[in-house]
Amino acid sequence: EKIKIGITQNNVGVDSYQTTYEKAFKAAAAADPNVDVVVLDAGGDVARQIAQIQDLTQQKVQAIIIWPTNGKAVVPAVRKAHEAGIPVVITNSNIAKEGMPYIAAFSGPNNIEQGKEAADMMCKALNNKGDIVQIAGKPGYTTAIEREKGFEDELAKACPEVKIMDTQPGDWNREKSQRVMEDFLVKYPKIDGVYAADDNMGVGALNAAKAAGRAKDIKFIGATNFAVGYEAMAKGEYYGSVYQSPVDDAENALKTAIDVVEGKKVPKMNYFKTPEITQENMKQFTKPVF
Amino acid sequence: MSHSVLKSPLGWLAGNPIWGFIALIFIFFSFANPYFFALQNFQNILVQTSTIGVIALGMTLVMINGNIDLSVGAVVALAASLCVDIQGWSLFADWGNWAILPGVVAALLAGTALGALNGLIVWKTGVDAFIVTLGAMLGVRGLVFVYTKEQSFFAMNFSFSDFGSSSIGPIPTLAALFLICTAIVHFVLSRTVHGRNTYAVGGNRSAAVNAGIRVGPHMMINFMIVGFLAALAGVTLSSQMGAATPNLGTNYELWVITSVVLGGTKLKGGAGTITGTLGGVLAIGILRNGMNLMQVPAFYVLVILGSILIAVLLLDKQLNRKGKEELRL
Amino acid sequence: MAHSGLKSFAGLMARQGILVAFVLFLIAFSVFSDRFLSAENIFSVVRSSAIIGVMALGVTVVVIGGNLDLSVGSMLSFSTVLVVDLHDKIGPGPAIVVTVLATLCLGAINGLLVGVARLNSLIVTLGMLSAIQGLTLIYSGGKNVDIVHQDTTWFKIFGRGYIADIPVPIVIFAICAIVLHVVMAYTPFGRRIYATGGNPTAAVFSGIRRSRVVFATYLISALTVAIAAIVLGSRVMGSQNNVGQGYELQVLAGVILGGTSLLGGSGTIWKSVIGVLILGFIQNGLLLLGFEYYVQWLVTWVVIILAVWLDIAAKRGRLLSPIA
Amino acid sequence: MSASHIPQPDTPALRLEGIVKTFPGVRALDDVGFDVRAGEVHALLGENGAGKSTLMKVLAGMYEPDEGSIYIEGEAVTMRSPLEAKARGVVLIHQELSLAEEMSVAENIYLGELPRKSLGRVDWKTLHSNAQAILDRLKCGFDSKRQVGTLSIANQQMVEIARALTVEAKVVVFDEPTASLTDAEKVVLFDIINDLKARGAGIVYISHRMDEIFTLADRISVLRDGGYRGTLIKSETNEDEVIQLMIGRALDLTRRRAAAKTGKVALQVEGLSCGKLFEDVSFELREGEVLGFYGLVGAGRTEIAETLFGLRKPSAGRILIDGTEVEISSPADAIKKGISLVPESRKEQGLVLGMNCRDNITLPQVGDLTKGPFVSDGAEIAIFDRYYEALKIKTPSWRQAVGNLSGGNQQKIVIGKWLAMNPRILIVDEPTRGIDVGSKSEIHDLIRTLAGEGYAVIVISSEMPEVMHVSDRIVAMFHGRIMRSFTTEEVTEDNLVAAISGIETDKVA
């Protein structure tokens, strides 16, 4: 008898990370002869995700993995799945703390922690002093909110003399971020650093600064290291990022879910490592495939 | 829509091809997937379509009027946020389950008020509804973000989300609510003076004006109805989720309009029925549910939905051709 | 005196309301931000408006012809992914050719369905929006695409180059606007588009081949998308599958601000340019003034309604609509 | 306004005083005033664009006058909306049809005042019985539950008229009600008008047809160029005097036209059918000849014209131009083969209302009026000017949107547009619908002149005097078939009526 596990993902195709995650997830499932998976995608829509959780319950899967489109909004749905006797594993970005009693485990990176790491890098890059701007993710999404919060809190604590002059959303979109940065460059004659909530947007900001001839004066720090970010780092144009492998993320989630179904003991918060990556230590990491 | 002329079943189907299409996909999914044909799945489909469905009822009125409302998705988000946030205010802390009430009332009032605002602008300025509500679609979403400060809300009181998943006998409460709304709006549209005037205003606005129908207030009422129903959808959606996010309802306007048009309502106005709209809503709901159950990859779902939309339109055109003698325009 | 001054102002509003609004708007913002009217900023705004602007030109043509095109956003995603992906595979020249052809094919599908099969354009292009989005994802497998040697390819001129100190995207935008303006205002073809949009039946009775005209408008719209995609791809040197998501509405907002009627048969290309620039400057101006980004949506709401209202109020000679 | 107001027995039902209404660039009404007594039919006459419809729209609350006052039964009133006008007992039957096509006949008749039951429900029973009663009074042969869009234009016009009978109207305005009615329906309409009159309503009757006016009216008021020119009493005047007042000169309507010199056969139609619309239609048309098509509305004449113009695909039969068989696949194709069609419905088929006058006139040939790749402004304006003068089109300039012209002037634009194509074969479908007497006789002259120049012309008309006046031969149609064809010598009113009613047949068409 095979174990049947369902997953509803956030928004496949919106960026390479999620696409690679899905591929890795399917590959990992195919490699295990004992599991059968139902792979769904919420397309970024909370309501659709909740419908999918209902559909998965309807199909009587043995565990549901959820990549929340929104950490708060899925809590009641998670509770219901929990009450229906189906264990829930949250992947990639965590749900709000009110939902914690209803989940079997969380598997993924720590986005708040990532924001902190980025803040620490920023302090170091600027020698604890300077004026920076922030390009956030798509408004209203948990990952965006958590990274922003982690970054801002840590920055205020670690190096209060680094000031965030402005924050605007880049919607996880390189072109949008490029436009935002162009406006920043006009508005602020002096920008010492840019924090972007992912490398895709970070490189967009870098593009804009290069076009304005100001890239040399600015430190760029991103998150979720993308191939473009890795390359820019190799060229010395990009200061650093946070390394996060979607393959680790996916495999970790599947393994956690299997363990839960098989009744093994799993830690509730099952973080995988997301180390800092900078120009100095990048040799230790393979170039991301996405 | 001559209500008196009896049509043969086949003639009826030609006028409402969407129900034929529903039968087709229903049979297809029943055979193609073991989980499809199950009472609980039908309940799921009804609950899942109820959100889009409730809005589509109001949208049918507005579209028969010859107008359109693109702001409904944003109104859903605003209503959901208000509803979930307000019931958590400390002011109502000792109201128990009654604390939900002020949230719901505020949400419905806000939706109706925004509908009234849209209607008033369309009426007084004479600017096309598409433009007015395109603006409102951006603006109301802005309001949502101003109000929520980008935060999601989540209902501490689980009886709110329990309501969302409760049932009345075999019928889920939300589905029942949707069906009741459908019956009411159907009654209004087909039996009441306001409903018949809705056709008149959409069919020939200047004729309606000349006949002394107060077209402005009339259109405003329909905008208020769709605003109210969009807010209601926001409330039910948030009770399904027990939460609200500022991004809720994105693109709903597109799905709502799509279902209404699939149901045979003319974009130009003057023609359309609630039964047709119900068909359009169900068709999309069944398709989505069926494809989910069959695990059609997300990328292909987009292509399939898009193609089906166009295919139904083509089918409708074929069925309603007047024959070879038609003018070649 | 004051009265006649007021009258002539009303007359000016009636004819060029949008232009007047635009100038007033620029003045208002420049009072609050000294950087607003700097050459640097103006270039920056126009350059970043160029992509939406070029598409707005094509959509204006479609709307004048009496139809809508909501598929331009996802078509932009498709074309950008295609041109960027092919750039490294077959070289920039062939990539551009293939992309233009492929985009024209998508436009042709729109054109066939709306022009020849006479299906409703709102729904057809809505369906295409979804289908093309899926197509893009299937093509790319959901991954971002990037150009590897960004600094050495000549492809970079479209988005990053300058001609006589003017950014190339602006030059491309201007050329497209002039060409389409001339086509619409001074050629028989343009006249036929206006006639078809104004009254399709009368157009057919006048010997105009309506199907061809509508078909052609969608080809034009697709062509502008392809041009926008090349600029975008070159500007970003990479693409995401959803890069154009939601652009259709911004494009449409620009077209509407320019006073083009959604009923078809009326509108002007150069006014759409102004419409798009207004949106660009709102976004930029509010950012310079330090507002939250969502305030920009609220302002856009008010501006769209006010601008269109004033436009039609001036035309009908009274502020409020006569509807009871 | 005063509460103590007591209606005087001899106060007019309606009095208009010093009405002024201007549109941008046009003074449509300039100090117009006259009165209409209760129980009188008051005809309102004037050239196209004289301001008749505008005046009536002011009366019905659709336009706000710049100056002037309106008195109903001696009481000064302001009409701010159609609703208010209706409440004061003023009913206007529009020149242009104004119906909701998807709705039933009954709902259209009672539009805006559907009978109610509890819960805001429509009282269908009352609605249909009342509506049916009105339809019966109008001798309409269709059911009140019928969808309006499925009715013929003539029957739709009857629905429009039926609306006037729903209220006890004090003033009823008919704006060219007979433009698309058949003779039989006209008789019914006149009965109704006389009935209304007997009940004490004041009637304003606008028409361009002298015979109707002289049958119906008690008094006749004339407008010219937006100004009031005087009121004549029917019994004390005659057509010549009225026309003199209306157009400022005399008009010879009895003039006999020169006999046609016909040339070779330009168009030959053999056994043409299009489904059930018309069947087995054969005729030939020579150069220099005017062929009239007469028949009841719905007889299928328009459909024949549309088929010849490439708008319908024939199901059988052949069309020959200059002796060679042709297939006409589209209007563009027809135009290439030298055919022009002045269509039946100017608003739907003839004009792009939002476009200016010049662009409308040159639309079919804009592709040829080029200098290099661009449209030549000069060539276009030259064409506009030619027809502006030839047809005496009344417009402030060529820049005016066609939609702002009066009905008759719109029709002239359509005619000009097709004359400008210099066609070999010219088909005109109801060419003078809504055209004033002066222009009408000019258009008739024009048709004759064109024939004299060697054009082959088909005139479709529902007006017997018109067909008889301009045609060399007349084809009578009934139910999609040609019943008989007449030469000018043979034709009389009686045998023509007999033929189009299907009584008299003659297969040798």
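Order of writing sets the labels: A, B, C and D. Residues in every chain begin at 1.
Simple rule for what comes next: contacts are C-beta pairs under 8 Å (C-beta built on N, C-alpha and C of every residue); 3 or more make two chains touch, one makes a residue touch a chain.
What you are looking at is a predicted structure, and each value in this text was computed from that prediction instead of being measured.
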In contact with chain A and with chain C at once: which chains are those? Just list them.
-> B
Which whole number of Å gives the spacing of the CA centres of chain A and chain D?
-> 71
Whole-Å separation of chain centres (CA-atom averages), chain C against chain D = 43
Chain B and chain C, separation of their C-alpha mean positions in angstrom | 29
What are the residue numbers in chain B that touch two or more other chains?
-> 145, 209, 214, 298-299, 328-329
Among all residues of chain D, those touching at least two other chains are 81-83, 311, 330
Residues in chain C with touches to at least two other chains are numbered 137, 142, 201, 204, 294, 324
Hey, which chains are touching each other here?
-> A-B, A-C, B-C, B-D, C-D
Given the complex, residues on chain C that touch chain B span 113, 117-120, 122-124, 126-135, 137-138, 142, 200-201, 204, 210, 249, 252-253, 256, 261-263, 292, 294-298, 300-302, 304-305, 308-309, 312-313, 316, 320-324
Which chain D residues qualify as touching chain C in the complex?
-> 24, 80-83, 309, 311, 330-332, 334-335, 341, 343, 348-355, 359, 363-364, 366-367, 369-370, 373-375, 417
Contacting residues of chain D [partner chain B, same complex] | 60, 62, 81-83, 86-87, 92, 94, 98-104, 107-108, 111-114, 116, 119-122, 145-147, 163, 274-277, 306, 310-313, 315, 330
Provide the residue numbers of chain B that touch chain D in the complex, in ascending order.
-> 1-5, 191-197, 199-200, 203-204, 206-214, 270-271, 323-329
Provide the residue numbers of chain C that touch chain A in the complex, in ascending order.
-> 35, 38, 40-41, 44, 47-48, 51, 137, 141-144, 146, 148, 160, 232, 235-243, 283-284, 287-288, 290, 293-294
